[in-house]
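Here subunit A shows up in two complexes: once beside subunit B, once beside subunit C.
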Partner chain A sequence: MTSRAVRLTIGAVVVVAGLLLIGGVAWASQAGDGPEQPIAFMHTVHAEQNDIDCVFCHRTVETGAEASVPAVEQCMFCHNVINDENPKVTDPFYRAEIAKLEAYAENNEPIDWVRVHVMPDHVRFVHAAHIKAGFECATCHGDVGSMERVKQVRSLNMGDCVACHRENDAPTDCTICHR
Partner chain B sequence: MRRRDVLKLAGTSGLGLGAGVAFAGCGTPDREFHIQSPVEIPEDMVTGVDTWYASICQDSGDGCGIIVRVKSGRARKIEGNPDYPLNRGKSSARAQAALQTLYNPDRIPNPMVPRGHRGSGRYRFRRWADVLPDFQEKLTAAADGSIVMITEPVNGHLAMVLERFTQSVGARWLTFEPLEQAAVRQASAKVFGTTRVPQFDIANTSYVLSIGGNFLEGGDAPVHYGQAYGHFRQGEGRSRGNFVHFDTHLTMTAANADEWHPVNPGTEGILALSIAHAALEGGAVPAALRPLANAEGTLAAYAAEQAAGVTGVPAEIIQRVGHEFAAAQTAVAMGGGSAAGHSNGLFNMSAIFALNLLKDNVGRTGGALLNAPSPLPDIPAESPVTSFQEWQEFLGEIESGQGPEVLLIHGANPVFGLPGVLNAENLLGDIPYVVSFSNVLDETTALADLILPDHHYLESWGTSIPPVGAEYATLGIQQPVIRPYHQEFDGEAGTRAFADVLLALADSIGGPLAEALPWETMRDAIRASVDELQARGDGSVISEDPESFWLTVLQRGGWWGPAEEATTAAPDLSGLPGPDAVFSSDSQEYPYHLVVTPSVLLGDGSGSLAATPWLQSTSDPMTTGVWTTWVALNPHMMADLGIQENDIVRVTSVAGSILGPAYPYPGIGEGLVSVPLGQGHRELGRYAQDRGDNALGMLAPVVQEQTGALAWSATRVRVSATGRRTRLPRIEGITAPVQMPDQQTFQITDES
Partner chain C sequence: MRQAQEEHPQDTDKPVASIGRRWGMVVDLDRCTGCQACVVACHAENNIALNLEDVVLQQRAINWIRIERYWEGEYPNVKARFLPMFCQHCNNAPCEPVCPVYATYHNQEGLNVQVYNRCIGTRYCANNCPYHARFFNFWERDLDDTHREYLNPNVTVRTKGIMEKCTFCVQRIRKSEWERRQADEELQDGDVNPACVQACPTDTLVFGNLEDEESRVAKLAQNKRHYRVLEELGTDTNVVYLKKVDPHASETAPAHA
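For the complex of A and B:
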């Protein structure tokens, strides 16, 4: 084996090992829970146990490109009553988290949530079009009602988008998403 | 203050310096991955909707009008501004790639000082509040005349601010243009009476004669000329124009011409006068050309038969082109490129431009249109340019111990762009206090004692006066389209606009400086000018209300109005250098001419464009090469030298050498070596660093006597194989050609 071939082989082994490592880390980050949030908001409590419709909070999902996260004011519609002194809230963990929300409201401070689903800048995804076509939120986002911390369940990469577009006879022109 | 900000600050204070902020400064800032719950329900706001903001592109060199798509606070796409007179909706790859200079991971996010000695390559971040007082003290303590400001050539409000700032603090202002165009500007002054090269109205002309003028890929305004060229060829209501191009090698513009004829380097002026002689049928020249003529008033010395031997262009072609030029209903003669970079560049360019006088086309449709002056008298349309000779003198002063005490640098990279033999790196490094305002770590910024990073142009205010444009007096406005990516938190870190730093400094120093620069920010200065435009009551925006005038001007990307007639001096072609070019060395030891070609994508490489992967990976239009430097050689010459494709060759001049893979290029003569510029950075971040080689560094310091400019086409070289091989990354030749069914195939043959 020439020295060039040896170098290439070593290089290839290092690259493959690196890819495995990166792949492993990426997979690990998808497994388990999603990122920690400033308030431990639970979709399990809201979407599953109390059966609140997704659109109640994510107001623009049927009309706009983005689903939008609710304003603090909107959270307080209910949490004015379901506050940290409400006797029905017995769990001290929930009391503490609700108190955090109340603090944001009192201080007129917006909440910076950590994004779970991030699309690259060159992609234009329009929620409204997909909802109007009859898709459930869960098709892409999974069963968030069962997630204590929301995580990404689909790769949502180009292959994923194109495959779904093909299955559903949706257009696959480049400019549908990249424009 | 938010929790993260506290952490960042904790990181900057005390012994923990650097680590916290360094980490925050790497890669994408945290907040880019945040989604915010507003406090109140925004009833009328639909998130996720695109907003387009108009601004000006400052990366592409010509100041195109752009519109930028912004969604969720991020700039996502750049297009040409359809309203803007210069480019009318078109844009360039460089303008499109500005997103990658904006979101470049190697941008400098905070003020920095070197750790240890200067040039150590290691830095620590600082707060603005900690570095500015010291900077101000150094500036005020410096003796009169011992401050030097170096910038790129600028116009508009920044030029005005810099002019006033440098005058008030008693500083010298040097501008740096690597491939100096002094010969073009001064030839324009001689022929057209103005240093602003006219707008050649190719859209409405019937014949374009270009000698070295690569207007489609370089020059003043490639996007403007690209669009005009489209009209020239296929415009409605007109017949297809004819385009003849002469140049030393086949460039992109040459490839678009009906005819391309190679011309020997340095003989472009002789060729132009020979064409003039043919156009005049050997008769007497008009009065304006008299200084170039003989005692009888003819150009007999340049008769086609004689000129053919010197220029390498066959006599019958000179004759035919001369007759065609004379017979054309309207015609323009354009020039530039390497013709302007010879020691006789002024002669070449004057002779080429003088062809327009034969057609008497100045100020006429389809001719050379004089550019509209700046709409505001105190806002300069042109930048002062420091000649190479002045640069040599400046560096000489430093060498003899009479250099400045303080050096301020913005946007220019002389360490990369000046010929290596000038030793600029060591000499600028001898200046006691160097401050750079660059937001990328380039070769010159690496010498700095203090780096005060500028905002990107998509984050800051500015103006631009288009390089060409006869129809309208235009003031293009560059407005911030997003909040600064490296945002300040409580004024402690982040980037700040260069002009705003100067204005704040003026306010803080007070006295005549503050009087000269009375505005708090650049926005205020621009607003004051826009109010002046509103008072005119004409142009693209008219409104009684200053506020709605301002907002509409911003919305449209600027203001343009009827141009006052440009007044220029009469042609004066006296005192030109002789027609013969001088080269750096003898033809025995260095047998070949070096043709340095600015990359269509990366320019001359002195800016930050090489730091963008999009431009790096876009194919060169002629060779399809990407990501590196190559050496284009004639295949016959390669065979004679025993050089194979992809052999790494060394190109050596008296002043240095470069390495690059040999690329067989039939579109170049046997005595020439063409090397693209743009690469060869030691700094400039991960995408630019250590790729290819920089041919600017090996240029011999031959000076054009009349202009004092560097004769950057005057370097002779030799070529030798190194015995090593590599593979030039390119698209051409990696897949076999496919014959498309029912498609006609064109074959290009060598007639000789």
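For the complex of A and C:
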């Protein structure tokens, strides 16, 4: 082989390896955990171990279109007491994460959570209507209580929505979601 | 919806089997002062792009509702006539059969629906609309963070290359629907008001269900002054106009053929 061919081969191998790496990372983040959040908020601790109802934090889910992510103040209702100096919080990892929350509260800064369930701009989803129809949060969001990092479990593409609407005799007119 | 696809709209008397609801509007021209409050309200509600001077000069301005102005008579005996014009939500809509991708269709509530994510921008519908109620997005919206703050979150921001038009504020219809459903109630007459109707200071515009005989809009539509714009085209619109009352009309108006 000429030196040019060798260089080309090495280049091709590097490119392929790079693509595999990127693809692998993307696949792992799809299959494994959801995106990394500014604070390692554990639904396992809140929803599962301490059995806090979804609506306690996601307050507007029964009344509005959005499920609403709580404001920092709302976190601090509890974490004023369950702070990083609380003797019952023994795990240094949790202490560190709670300290991050307290820093946000002290600086009057909102937490820039990474959105997990992203809908296209031409889709309007109304949480309240679906809760009213008797669906559990888990129907679409899966068992969030068992997720250390929240991830999307259903495709939530149009076929997914329409199939469920048909099964449940819900309207399938375009304007129900697209307006 | 499935039924509508199996049966071609042109084969039947009414395009889609009704579900006891046919949204419509009555425009009482005797009340209209041409103040344009409806135009402003519509722009704010529906995230309509700003029509800057160059856009207007290119005749590419987007106005889901506009006030058409007609002059009558010779100076000094001149009269201005106003006619609010918007999508007439025709039951036999010329725009619907020409769309190659079903981006515009008639739904079971009598609405002529434009589905933005289906539209591929052939503009056939706009060419076929006798009311000039459809508008094409020639440009992408240039929205910075400040602009995004004053968008209505319930309405899609249309991208470049698709058609748009009056929706009878379908987002408000849906909102009223689920608000009533939350309370286990039926939708009442007067629950739903598009932005133009809400803004109208003289009560020119009345919106409601034309199939409910008790509704305000259905009663007004029976008024003896009623007519439909370009009725002779057979578009069977869901918008009914009430003629202006003018005792001196015969003095200034040109004689009808």
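Heads up, the rule we're going with is that the second predicted complex is superposed on the first by the 150 of 179 C-alpha atoms of A that agree within 3 Å, B and C clash if a C-alpha of one lies under 4 Å from a C-alpha of the other, contacts with A are read in each partner's own complex, and residues count from 1 in each chain.
Criterion: contacts are C-beta pairs under 8 Å (C-beta built on N, C-alpha and C of every residue); 3 or more make two chains touch, one makes a residue touch a chain.
Small disclaimer: the values here were computed from a predicted structure and weren't measured.
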{"item": "Joint occupancy of subunit A by subunit B and subunit C, clash or fit", "value": "clash"}
{"item": "Partner chain in contact with A:C174 - subunit B first, subunit C second, else both or neither", "value": "second"}
{"item": "Subunit B versus subunit C as contact partner of A:W113, first or second or both or neither", "value": "first"}
{"item": "Touching partner for A:K132 - first (subunit B), second (subunit C), both, neither", "value": "second"}
{"item": "Subunit B versus subunit C as contact partner of A:P70, first or second or both or neither", "value": "first"}
{"item": "Touched partner set for A:H122, first subunit B, second subunit C, both or neither", "value": "both"}
{"item": "Subunit B or subunit C, by number of subunit A residues touched", "value": "B"}
{"item": "Doubly contacted subunit A residues - partners subunit C and subunit B", "value": "63, 65, 121-122, 126, 179"}
{"item": "Touch list for subunit A against partner subunit B, complex", "value": "60, 63-66, 68-75, 104-105, 108-115, 118, 121-122, 126-127, 179"}
{"item": "Residue numbers on subunit B that touch subunit A, as the complex places them", "value": "2, 31, 33-42, 46-49, 71-72, 74, 76-77, 99"}
{"item": "Complex interface listing, subunit C residues touching subunit A", "value": "1, 105, 107-109, 111, 113, 115-117, 154-157, 167, 170-171, 173-174, 178, 181-182"}
{"item": "Residue ranges of subunit A touching subunit C (in the complex, touch as defined)", "value": "63, 65, 120-122, 124, 126, 128-129, 132, 172-176, 178-179"}
